[in-house]
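Look at the two complexes coming up: chain A is in both, with chain B in one and chain C in the other.
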Partner chain A sequence: MTKVADNVNPHIYEKGSEREITSTDLDEDVVDEIDEREVFDLIRNINDPEHPLSLEELRVIEESNIRVDNKENTVYVNFTPTIPHCSMATLIGLSIRVQLLRALPSRFKVTVRVTEGTHASEHAVNKQLADKERVAAALENNNLVQIINQCVATQ
Partner chain B sequence: MKKLELLQTLNGHKGIVWNVSWHPAGNIFASCGEDKTIKLWSKEGQEWTIKTVLVDGHQRTIREVAWSPCGNFLASASFDATTAIWDKKSGQFECNATLEGHENEVKSVAWSPSGQLLATCGRDKSVWVWEVTGEDEYECEAVLNAHNQDVKKVQWHPTMDLLASASYDNTVKLYKEDKVDNDWTCVATLQSHESTVWSLAFDKTGERLATCSDDRTVKIWKEYKEDNQEGVIVTDKESTWKCVCTLSGYHSRCIYDISWCHQTGLIATACGDDIIRIFQESEDSDPNAPTFELICTKLDAHPQDVNCVTWNPKGNHELISCTDNGEIRIWKFEE
Partner chain C sequence: MSVWLKPSISQEIMNNKEIFEETQSIIADLMAGHLEITNLVENMAEVLTNVEAENREKGMKFFTKILKELPYDYLNETQVKFITRFYIDRLKDNHRVIPAVLEGYLTIIEMKHYDMALTSEFFTMLFREVTCQSQVRQDRYNIYNIILKLLKKDSQCLKTLGPDFLYGFISAMEGERDPRNLLFLFTFLPTFLKHISLGHLVEEMFEVISCYYPIDFHPSPDDPAPVTRQDLANALCPCLCAVPEFGEQCMVLLIEKLDSSLRMAKLDSLALLRESCKIFSAETYGPFLKTLWSSIHREISHKTDEELKMAAHESLSALVSKLATTAGTDQAFENFVKGVLISMQTAVAESSTVAQFVKAAKVLLTTANASKESCIIITKSMIPAIVAYYEFNPSAKLQIASIDFLGDLHDMANHWEVLNEIQAQTIEIPRLCLTAVSNPSKEYQIAGFKSLIRTKNLLQEDLVLPFIEVLIHNIQHSQDENLLSVSVATVHTIARKYPEMVMDLVVRGKCDLDNLTEDKAALEKRLNLLSNLASIDDFTKVIISEMLKMVTTYNENAPKVIEALSESMSDASLYTGQKLTEIESDHGLIDSIMSWILKELHTSSDEALSHGYKLISNTMRSLPIDKQQKILSNYTDIVEKCKKNEVYFNVLKSLYSPLNQSIYNENFEEIMILSVELALKSNEEKIRCQACVLIAHFINKVEYGQKFELLYEILKNHLSNYDSNEETMICQRLIVLYGWLTKALIMRGSDVFAFWLKKIMSALTTVEYCSLGAEAIRLIMEDHTGSSNTMFYTRTTLLFKQRMYENFASLTSNMGPMSEDVKEAYLVSWAYVLQNTSKVILNRDVAKIMPLLIESLEYDNKELLSVMSSVLCYYVQQKQLAVADSLQTLLPRLVKLTQYTKSMDVRIKGLQCLYEIANTYRTVLLLPHKQDVLLDLAPSLDDKKRLVRSAAVKARTRCLFRSASSVANSDFEKSVGPMRKLRRIGKICI
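Then we have the complex of A and B:
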């Protein structure tokens, strides 16, 4: 039996354009700080666990919900579940965390949270995603890591 | 000038180093982490070096290690749901007993002051008390299900068989054995933190407890016994533990560990902002509303989160800390 998705008919949005390469991007003498767009590009193509769509297409992730502070070495990502009772919220958050853990320099402290007011168990999901010990234990679970790797793999 | 001077940086582990533990003699320490190994370190001249590596005891991350008060046994708590007991009766360190029973990750392990009892806790929300019943024999005395979430830390009172546990449910609980029916029960619940309590430490008298939390505060709790002078209400003859001090505004991220030196009285904290902080009680501190001053802030103590801090039990101002990238550091606090 295949599990029926929580949200059978999610609203699908159009993908944004690719990052425009500017002349300063190509200039080796200009320091390229990691910015919101770069973090967005790292996570926009993560696949939804239930639909053959990216988190960007479902508007779970938006560039305006990302904050980067290079001085403080912090990255904040808010993600918006498609429905308030989405049972996949923790898994989606974990996939975002894992992707950023692997892709960003280790100096960054990454905080992944549900966009305020968009999920019924927002507080519980946020607390779990913020608990590094539980995230570390989850990442030792091979089945879970396989699922996350499928989500994170770009098609 | 009060400062933490770095004595040595040790790189022996791969990945997260979760915990370091001093041998009671203060001349050896054990470390453990994500790489599933335990390393025993001691000093050769001025340098700390690895003396022994314990492998194959656990299938997953080793979260915590603890020496028995006699220094002959080392217990290790692992995400593989077991706790291993190591000793060197045969001449070299071997795992001679494995404690099984927890449903999943074991998060912490601690020996009672007599060395006759052991406590473990874990993700399954339970705290287990084990009794040493013979050579390499351990029996479960009690399974305590007082917490309703993941239990992060267990720690015994410095002189009595009073056990404390800290949890993801934001509370700290205390347990002891009822001598009449040998039943272990929860005798106090300490409520005040607003998020996960990660660690706790008794002071040398055992009448005070320091706790640290994801809510970025440290709290000091004081025991009020029956018929106390202050008039704090005590019910059922069990002491009341009251939060008498909250250190807030000092830490900018989750506080993962706290160590209260029984010799010097200094409190050290390990924080997710990569900083080690040291607090000292003020000289004119009121016992019922104590004040603690931040006397040292070591910025960038590690390149990543500080997971653990622990004072040398000999009171020589040595401190060990560890972090996520395999690094352990030894510090000396200079007054």
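Then we have the complex of A and C:
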């Protein structure tokens, strides 16, 4: 019960500014494509399961690790666990997946992976996150859904 | 003969319940002198001394009831004494009798002739014979209440009762568990403790109180008027620190609970610490300071809990200001502040993000803000430290934050008036600001200038030149609005301190007006700066005369000059009315501008001219009445010119609309007729509008009584010429004019507005004019501040909008069924009215407004939908039940709004409404609709506009959470966090 967090004292980074609302955003006729920044904004405020910090502040996710292709309808998100043996990596990945599942239009195929070479059991985590069945099953577990909701709930 | 005059009353009380209803008649007899109280007691002897406890209870109850109903001064001293003794004696009786005795005693002490000397006897008997905690709630309450009443009546007497009484009291309340009784006890204990010295019972007393700390209590959900945990906690806090004797024990308790893992305990302890600083002496804290600081420090650096953090800040502040009272005599204070300083300095040095820096800085500011002495210590060491920090820290954001922090520290020192003592340290600040502003980045410059403005008094002469260099460069070349305005403000600040230098460097040097014209690009910005500087007395003369020279010589740049002047002069914080009056009388501002306008009237662009009009009306507005009149008399010919050519009307309006209420001259009637003609017949939309505004001004401002009647009659008569006019164009213009008239009249509180309002309402019912009618309603309800139609010096009665709302509502209720063609305009006009009515009214009339709201959501009208969904949002936020009742009708309509293609604003508002609904109402109400709404919202996630998408995400996630959050939401979950919970449910495989 008294196990301490995997990474007790993580390095904290500066929080980026909010996206500025430009005049094109307010123009009725211009179509705003979904871009990397928008996807980033969707997941930057997800809470880390161990610390009262957002994934952005821990640099688990960065805008440069996101790719969006509007024509192919794909979204790739790579995330970087703070330490290579982080036991929470799957949970973080799942939270990101769930948030995107809920917040992105259904036309997108979302792929969430651990950034290459940043986690000890990278393949296992990636495999789990890519397995639709397992994700769906996880979402039927009420306890797990509650935890994910707490992570996803914006502060 | 009544039964109470005979001994048979005893039998009556024992056997007949109805006798209790007749006490009033007994009282009447007693008052009238038919019966003596002694006789009554004698008659009751049988029941009062009956062998059956049940009967004695009845007797006591009956007698207590009589005592309660007697006037409090009826009984004389001997009688009261006799009865008191009797009651005290009865305390020895069976437990069944006690409640009535206590109740009776409570009544007796209220009596005028109650003898305090018997109090001691009462308490001895009470504490010996009655075990307080084995009584029922009400009786325990009565016991406490007796003590409170006696304390209020004669605290001196209670003091003499000594430790036995105190001991009795302590044991009486020990173990009290009822929240209401506790609340009562806690409320009166501080007073009690202040009056009665505790002697050797301090520890016992504290223990009895402190066992409740921290309060852990959840009121029963069925309780209609529950005592909340917070009530109890708030009441307990002052008890624990009621007297200085509690000091040491209180500190031990407080520190123990501060370290508790319960959030509530921490909050209560911090509140207690804050409260205790009002009572305990500074010495009390001495031995505990180290522990206290480490606890406070821990809470202050809490990562997420803002409330806890605030409480910790407040306690720290209270503690420091308490300790500061011993600053000269005791080392403890200084050590404590230095301790804070050192740990926070470390925190500042180690911070890698602005959030961490600001957190540490805030603690230092709190400490400095608490007392003068701590302010000196903190600022003395922090200012040099931060200056050094700036030099060594490479992060831009942190450097900027540190400059802001320096400004804060300086303000703090200024607040405690200790700037003189830290002169040696503060001298470095402006230099650092200069370093910051030398950086080309806009953020650095803004932060640097802002701090410089705050520390303006420290600026030395040798730094002025470099600052001015940067500033002038900014002003001439910067494109950023923010930076520009900060730069101008900085020059302004420097100019106030060093007028000569700025005069030489700026006005006669860099921005000299003579060579100004060559540099076209920077012209506007320079003019802005100069017109801003002109508000400082030393510069007024030079700059204004130069600028006006350009205007009167019809320089090609005159429009720019006028624009700059009009911009600056409309800023009331720069130019006060008095200043404008001075400028006008010294330089003839209006004359110069007017001569330019009259010359350029036919050639210049509308925009350039409008700046001129604005400048004139703004200046006119600031002038005193006699000056206004004088200027009007200078330009009487404008009216004639205006008759010939309508372009002069703008000039006329700029002169006449800002007039003071008391001004009235013979021209007014003529101008009024002229305006009406123009308002109806001019081909220029702008002129028509200006004419309406001027009419509204006249009608609104003219004095009550004869003058108003006269002007109003003229207007009404003139308008009656058009009554039978069938021309569509004229009718349309009339409706607009009616709108302005109604506004002017309702604002001044005149009842005749109803006449015009009815005309507008009848327009609402016709197909061709209904939309204009709605427009007129908008005119009436809208505020015009800031626009060219701003009304000056108007008579404005309070709540005129409410009045409009009431009238409008009653008129619409008489309108009967609407045809479909005019319904939309009708709803739109409702929307305008609702938009501007006070929220209180909206809440009151929710039943009336809801149907309109629901109906409006069906129409394809951008503005209507936008206003109505805002109102709906407001209702949801207010948790109006009417909305919850019609969720079934509302939700599909709101979902339809989220697909409204014509306006993103409507889509966003619809989504916001859905978000608020999901956020506000109980899960039970929402669950039936959840699945549908979630599905319906999916398309919005792929909306073409980003802002809509983000609103959709917000609304949709909220809906999703509603089912999940209902299960786990206790405080416990929050404090434990997801991590611990994860382990609690065991290993999870996904």
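Note that the second predicted complex is superposed on the first by the 152 of 155 C-alpha atoms of A that agree within 3 Å, B and C clash if a C-alpha of one lies under 4 Å from a C-alpha of the other, contacts with A are read in each partner's own complex, and residues count from 1 in each chain.
One rule holds in what follows: a contact is a pair of C-beta atoms (placed from the backbone, for glycine too) under 8 Å apart; a residue touches a chain by one contact, two chains touch by 3 or more.
The structure displayed is predicted, hence computed values, not measured ones.
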Which superposed partner A:Lys109 touches (first chain B, second chain C, both, neither): first
First (chain B), second (chain C), both or neither touched by A:Ala153: second
Partner chain in contact with A:Glu133 - chain B first, chain C second, else both or neither: first
Comparison of chain B and chain C by chain A residues contacted: C
Partner chain in contact with A:Leu94 - chain B first, chain C second, else both or neither: second
Partner chain(s) touched by A:Asn70 [first = chain B, second = chain C, both, neither]: neither
Shared contact residues on chain A - chain B and chain C: 106-107, 134, 137
Chain B residues within the chain A interface of the complex: 16, 34, 60-61, 63, 79, 105, 107, 123, 150, 152, 168, 195-196, 214, 253-254, 272-273, 303-305, 324-325
For the chain C and chain A complex, residues of the former touching the latter: 303-304, 352-356, 395, 397, 903-904, 938-939, 941-942, 944-947, 949-950, 953, 956-957, 960-961, 964-965, 967-968, 977-983, 985, 988, 990
Parts of chain A lying in touch with chain B, wherever the complex brings them together: 106-107, 109, 127, 130-134, 136-137, 140
Chain C partner contacts - residues on chain A that touch it in the complex: 1, 3, 5, 11-15, 21, 25-26, 28, 31-32, 34, 38, 41-42, 47, 49-53, 57, 90-91, 94, 102-107, 128, 134-135, 137-138, 141-147, 149-153, 155
